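Here is the structure we will look at.
Chains here go by letter, A, B, C, D and E, matching the order in which they are written, and residues are numbered from 1 within each.
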């Protein structure tokens, strides 16, 4: 039972990391790539880490609980740090004057 | 006072990290937490003028706010996944930069608001300066959705009492 | 062929080392040379650490802590700790030397206005 | 010892190394080099070298890439496109690298196969450390006991090397009143660029936990990976984070440069002082077991354990202070005023 | 279960390889930074998986915690750099300079 929960959570994490990667590779400009990197990154890491936390309830013991709490703390820190990092990167891009991609401009460029 | 609070917070963090509850390690923990509390208490509790009851209330309401944020994070991941895997993705997105002013006055509230915007579907905070937000949105729909519901919820958490009621 | 497969790791360490050495010799920019030096350094560290690896062994921390000293410790169960000790200090000393190298590069840039090796040599004459 | 991971990580590492030496933009090269350091950390963890991996984690993520960024900030970012006459240079480089590589590869024929438990490196001396660490020092982490006790003399001089590196950076970039401290206006016209409040708030939350974590790492080096080197680097990184998110001056209000220098010296002094106390008590230099005569309620074995803790604290002091000193000087070009 | 974690780790590493592609081709420095940031977050997860495979997570979780705490220093330092220097690609002044990005 626990194994199935772990596998499902881990699978969800892996799948969203996959889509994050595809997004990072496919999106047209820096800002929209940042959308993929910023959001998918938090969710996929936290989902995988939660899966690993659940795995620790196989043999409940004090040490196991402490490890689970530490992994939860890691996900908490990722949860705090990742949006901040996203914001720092995107404001660096904005301040340096990266122009957002838009469809009109691309069509004009092609003509 | 804030040094005592940060000592308590840091010492509980130490207990979780350490997992060894013998006298020797606990003494080391007290010592380290005191040192860090002395060094960086002003960082952890930046806003020193805040009353204790207010701080407590904000914490309680903030925890109540988290499930909603979690739901939004899941939604935003689903949305990004959908866009990234969509074969004609370039026709679906219409990136734009917009700016607006928020009604949230407290600094920490603005910070939480900015990070929440970053985590919710389709929007990322680019800049935040004294209540002025510059936001990048993937779509017109998301751009129009701001500040919207999230600001209401955060006003309830961080706003002044009268502002939240009125 | 089997012998090659059993030693593939050495091939990759040598490749890493060659990349570092090439950057140190052929790249003209001082900062690139410093990056090359760091790569060379990690290649050597990887080599040492892999010398200590043992099949079927776990990390070099003895599981049962205080009070269980009478239980025999089987050597084959633990990875060789000696290379780890040597390399641990090497990494931190490496940061120190990196700082010194960067400081030297910065004062060279202040004096000659460039980080390119050939331009520095030209301006010295 | 998971060969699938091993192969993939090594392949990724080689790619990263190639990319970081061939990128024309030094800032990007430094960033990609950061990714290289992540991969090396993974590689060492996977080989079972947790302490080495921990050091690399602290150093690679917290310190070395930031040093690169600071140096690039004060020098230049571009690599000039090459003119004629570099072909020979490249050929010589390639030939030397290939020659030495081939020599080394021909030597691998005599090498033990990978992860052979009976390789010469693993049968001489190290079994002694593995079996004796618990009976002689009561420290489960063998790396710590070898680092601070069995080979303590070695580590003392490694600490001194780090101290000397800090002194060298100070001597090269020099501060102490040789230059006037001027606040040059920033090129964009704005005054000293400040970080956004979001970054500052996040750093305010992170810094105290980072510092406590560093102290935890130092204190628990006996039972889990960690110790003075790792803890010192993380502690230094926390001060660097303050300097990045606020200003170098804000950081210097917490840890003045002279105070940092004092701490650096103090760390080496603690280390050698403990050794000298052992000498005074009639033992050998750095033979902590004689300390049980002055430490209350300890046996000679526990005295070795506590002596190691003292030594690790000394190492942490030196490493922390030297990291801060190098950062301050590299980031502000020796002026220690504004910083990166 | 161990096999599952090995497969999961391998998939994670392959996806990291794809992310690394963005880190190598750029085109601008902040694109690379973004990719490296993602790789750093995933390193945390992979460290814990390795701990699971060694059957002794207690010892590995500290390293992962160190990464979780330290990972964003580089990001913030780089954003700090761009507050002083506004151009993203060093050659020319364009927003995106193909020549810089095209070279590997």
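Assume a contact is a pair of C-beta atoms (placed from the backbone, for glycine too) under 8 Å apart; a residue touches a chain by one contact, two chains touch by 3 or more.
Predicted model only: the values in this text are computed from it and were never measured.
Chain centres here are means of the Cα atoms, and by that rule the chain farthest away from chain D is B. Chain pair with the most C-beta contact pairs: C-D. With centres defined as mean CA coordinates, chain D is found 29 Å away from chain A. A straight line joining the Cα centres of chain B and chain C is 40 Å long. Per-chain Cα centroids separate chain A from chain E by 11 Å.
Each chain gets a centre from the mean of its Cα atoms; for chain C and chain E, those two points are 20 Å apart. Residues of chain C found to touch two or more other chains are 58-59, 61, 63. Contacts with at least two other chains are made by residues 11, 18, 48, 50, 70, 72, 195-196, 198-199, 202-203, 205-206, 209, 213, 223-225 of chain D. Touching of two or more other chains is recorded for residues 17, 19, 114-115, 125, 127 of chain B. Listed in rising order, the residues of chain E touching chain A in the complex are 1, 4, 8, 11-12, 15, 18-19, 21-22, 28, 30-31, 33-35, 37-38, 41-42, 44-45, 48-49, 52, 57-58, 61-62, 64-65, 68-69, 71-72, 75-76, 78-79, 81-83, 86-88, 95-96. Listed in rising order, the residues of chain E touching chain D in the complex are 6, 9-10, 13-14, 16-17, 20, 23-24, 26, 29, 32-33, 35-36, 39-40, 43, 46-47, 50, 53-54, 58-60, 62-63, 65-67, 69-74, 76-81, 83-86, 89-91, 100, 103-104.
On chain B, the positions that touch chain D within their shared complex are 6, 10, 13-14, 17-18, 20, 25, 28-29, 32-33, 35-37, 39-41, 43-44, 46, 107-108, 110-111, 114-115, 125, 127-129. Residues of chain B that touch chain A in their complex: 16-17, 19, 73-74, 76-77, 80-81, 83-85, 89-91, 93-97, 114-115, 118-119, 121-122, 124-127, 134, 136, 138. The touching residues of chain E, when paired with chain C in their complex, are 54-56, 59.
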